[in-house]
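Heads up, the next two complexes both have chain A, just with different partners, chain B and then chain C.
Showing the complex of A and B:
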């Protein structure tokens, strides 16, 4: 296709992506170097029969004036990146010098908002992704063994958790697991502990959200694996059966190597999706004990008083860097393949 | 896959059946339970005293005189203004699907017929864009949109959702157009058609299966979106998913949980129907990029 024709065909979608994906990333980058203006304060002297008091109040008029003049805020450089709510460089130095043992140091650091969120996000990715692959594969194998006639409805039932939006999916589970729901109440009865509830324990909350993640993402892995299983050639399997290979051996030495490229694909996609986890935190109302990077950004953006553009942007940039690190091996591999292909 | 030589032991078969039934219960029961509970009053579905009330409908009987009530639905749709939210969702979904298919087919067709190096790079950039968490993009939008005073209205959200959706649509349709033989449009070009005419008269008639799949995914994205719609629309223009969240209540004001329950059912039912009809396309779409390469 000539370059000129390509240009006109690609222009609309290219423009949409540049304007609403490319530019916003740049815009986020710029915003991250600015911070919202401080409020202008003034002293007000108030006198009543018992004497005069001087109080400091916010000068709304002046504050609005400054905000209107420079809506982006004041230039802050990397200030937002290293403040307490982000990388917290000073705090970490302080902890390093003050704490006695390494354990105490780690304890202090993981209580800082950014590191807390980072640890939750990574824990979530680390537990959900492998389990999603495993469960998806087992369901695919298992469904592949039932009669063809009833597979349709079974597949429909299996993919339900995936097609609902994460917020709805987590709500539906939360209403059951909550202390007033069917599962929560029964667990309380079983454990004989009327105060046992999701919100009472951080570990329980984390486990619930991870279980939700596995529930929500497994169908995707299942669908891809199931489709891949249909392409596994029959001859080597029959040969293996004649040679007396057990079922497990057949899976290990024939099926798995055949679908290996698909496994990496699913792992990559679900890693990318898991890294942006945020809606389940709202669905489970778990803000108290579980915060993810995306949730931190959301929280900054729905701030009641002033929207913290700078703070949200700085977290966003660091999230993007995180995604880049996750994607790097794949991109490098594709580039190498592309180079050798030419 | 039927193995001619493969005979399964009865034990394995039983185990397999039990496993599938268990999994299906885990996958589907939460939805069935929510559907069931949406016809109860709050004191039953979120019972403080006894979870069995959700089944025996003790309070529902006391409060409404019947074992089932559709109060939650009528209130959410009228008082809770869920009708407005569903109207907004329909507007957003229809526009997002049609615009992103229009842009996507043109772009993906060009990508699939180009032999230049830049086509590869464009696809790679699209992959990177696909990986961007939506919330990071939203944090980039908010400030410029406030300044331009285009925040809060439906058209902005539609354009944003179209753009966010493009990388995935491009990849899906690209792998689909790759399966349409090149000779088809090349022969048209030799006969004197322009590229656009070849696209219009030769490709368009055969591209519908791919377009339906891509359309379904655009639809699910627009319909299900929370991040973009919650932050880019004002209260008045909220679509269904952010509306459901607003029913949950916050620290400041008490929500109405039963509205949320009935709204969840109302929002999920059309989606389930759709997937039931188009199951084949959904599955082929999910595997399009994966199985072939």
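Showing the complex of A and C:
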């Protein structure tokens, strides 16, 4: 496609992307450098049905004046980024100097909200993505080998987890693992421990969410792989069979190299999706044991009665940077291949 | 003939003229939490709408939409049913209007005690009170020869005895869901220990002390006597636990007693469900509970005509003797003419015992948020009480700095 045609072809999409993705990201970025003005408070008498007390309120007249002068707030630079609820630079320095062993240092750092969330997010990504690829590939291969007659219904059944709304899917599992649910109660019986709860143990909650993630995302990988498998040419496979190659050898040397670009694509998309893990945490009410970066943003925006725009913006920016870092190796590789192909 | 017709019409519509408060114009749009008493309240105010537009949004997610919806100009809602805690963000952002003029003009039946005044200005009109208090299973306690507990130490002892007897595995329940609910339980218990959340006259936190540690230890003891899934249980979940007969002692909101004692569910459990005041803790004499009011506020960013229409409709409900008589079961109404029934025991006892109201401070929401997420690891046994309290203070300080309170 000539460059000019491509430009006109891409223009509408590009404009929409700038308008609905680019500009909001820039605005979020700007917001992350600002904090609220210093609150002007005053002591007043408050009376309610239970009696009167003297206590403080925000002085609205003064606050309005300051706000009108500087509507964005107080410039804070990277202040929000390095405070305790984010990168916690000062705290980490302190822990490094104060703790005696490296283990104790790690303990202290992973107790900070941002790192706690980052560790869960990365663990989730690292376990879910490869398993989704593997499971999706195995399902695609097996379905490809099944008789054509029953393939349709089987494919439908396989993509069901993707059709079910994430929240509903996680709620179903949530009730099943309840200490009185079918899975929870049976595990208690098996382990002979009436106080065992999948929901209260951190490790078990993580495992549950990861298994749910694999279950939910595999169909996507399967669909893409299955489509790619249809394009694998039959001749080399037949030749390989005549040469006496086993099924595994055929997959390794013919099928996989052929669908390799698709594998990269699925890996990219899953990594991105998994880094933004959010719904299962809400669905499993797992806020206590598992927090992800997306959940931190949500928490700053809605869980508090006071909305923390600066905090939420800073976490959002760092999530974007995180995704960029994760994707970098794959992107660089694709770029190199693209160049050699030319 | 015409005369007869006119008088007939009068007879027909005369009765409803009592309910119609003669509002000629304006539009009314109310945002409220979702529980039976609030539905009754809003329905009552609807009778008075006259020819005004009337809309209402009942949502348990009301806290999440209130500030953005009222910040818009004109704001989405003309009124917001708020409580001690949820009025604070509205005050902080200057989103609600003083009601003095309207109270003078249209607030005839409203009692002075219903008015929430801040700095001499009426900012809200309260109509019901709420608190968390103890519920107990009379049959179980009687069988085991246990007296009705009045302190949390007795609650622990009673629960341990019930567990030891093998009758119930998890005899105690409270809404310990990580987040807002768990933080609320900490607030109650901390106040019961005589704690103050902030150093006098400042926004500096003041919870990392002996009272904070005692509070956490009590919460932990109680959590060990609860269903192991307690960190995922909100008020609704423990209500279900109670109705399934799994629990003998429970701390729950007074406003939930209505649905707990209705005809649905096992009649035997309902009959044995009894209410008592909130418990004290650590030898203190004020209950480990906070008093709450629910009241209405009017949006600032809305026309005066809408505010007037909304006030008249809501004031009609907030002074309605018929409503409080008909719905005496649903809430502890602060409206004149309310005769407390057996379901109001919890709140009335709490007031008698000198319970404190939930602190109405501008920075309290940040403290509440920090508590909800930072004390979880202590309850899971992964952290010491001191470390958890240190974390709460540190998380709070970062947030308070960003918000300009420190």
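Note that the second predicted complex is superposed on the first by the 270 of 342 C-alpha atoms of A that agree within 3 Å, B and C clash if a C-alpha of one lies under 4 Å from a C-alpha of the other, contacts with A are read in each partner's own complex, and residues count from 1 in each chain.
Throughout what follows, contacts are C-beta pairs under 8 Å (C-beta built on N, C-alpha and C of every residue); 3 or more make two chains touch, one makes a residue touch a chain.
On a predicted model such as this, the values are computed, not experimentally measured, just so you know.
Chemist: Please tell me which partner, chain B or chain C, touches more residues of chain A.
Modeler: On the superposition, B touches more of the residues of chain A.
Chemist: Just checking: does A:60 make contact with chain B only, chain C only, both, or neither of them? Give me first, second, both or neither.
Modeler: second
Chemist: Let me test your reading of the model: by the given contact rule, A:245 touches which partner, first (chain B), second (chain C), both or neither?
Modeler: Neither partner.
Chemist: A:199 contacts which: chain B (first), chain C (second), both, neither?
Modeler: A:199 sits against chain C, while chain B stays out of touch.
Chemist: After the superposition on A, what does A:302 contact: first (chain B), second (chain C), both or neither?
Modeler: The answer is both, since A:302 touches chain B and chain C.
Chemist: Looking at the overlay, what does A:74 touch: chain B (first), chain C (second), both, or neither?
Modeler: second
Chemist: Is there a shared patch on chain A that both chain B and chain C touch, and which residues make it up?
Modeler: 178, 285, 302, 307
Chemist: For chain C, which residues are in contact with chain A within the complex?
Modeler: Residue list for chain C touching chain A: 63-64, 67, 84-86, 88-89, 91-92, 94, 113-120, 126, 129, 169, 177-180, 227-232, 291, 293, 334, 351, 356-357, 359-363, 365-366, 368-369, 372-373, 376-377, 380, 382-383, 387, 391, 394-395, 397-399, 401-405.
Chemist: Name, in rising order, each residue of chain B that touches chain A in their complex.
Modeler: 1, 3-6, 8, 12, 16-17, 19-20, 23-24, 26-28, 30-31, 33-34, 37, 45-48, 50-51, 54, 102-104, 106-107, 109-111, 113-116, 119-120, 122, 124, 126-144, 146-147, 159-160, 162-164, 166-167, 170, 195, 199, 220, 223-227, 231, 241, 244-245, 248, 260-261, 264, 267-268, 271-272, 275-276, 279, 282-284, 286-287, 289-291, 293
Chemist: Quick check: in the complex, which residue numbers of chain A touch chain C?
Modeler: 35-39, 41-42, 44-51, 55-58, 60, 63-64, 74, 76, 80, 83-85, 91, 111, 113, 174, 178-179, 194-197, 199-202, 284-289, 291, 299, 302-308, 310-311
Chemist: Using the touch definition from the top, list the residues of chain A that touch chain B in their complex.
Modeler: Going through chain A, the ones touching chain B are 1, 3, 5-6, 9-10, 12-14, 16-17, 19-28, 31, 71-72, 138-139, 142-146, 152, 154-161, 163-168, 171-173, 175-176, 178, 180-182, 185-186, 215, 219-220, 223-224, 226-232, 234, 237-238, 241-242, 247, 261-262, 265-266, 272, 275-276, 278-279, 282, 285, 294, 297-298, 300-302, 307, 309, 312-313, 315-317, 319-320, 323, 326-327, 331, 334, 338.
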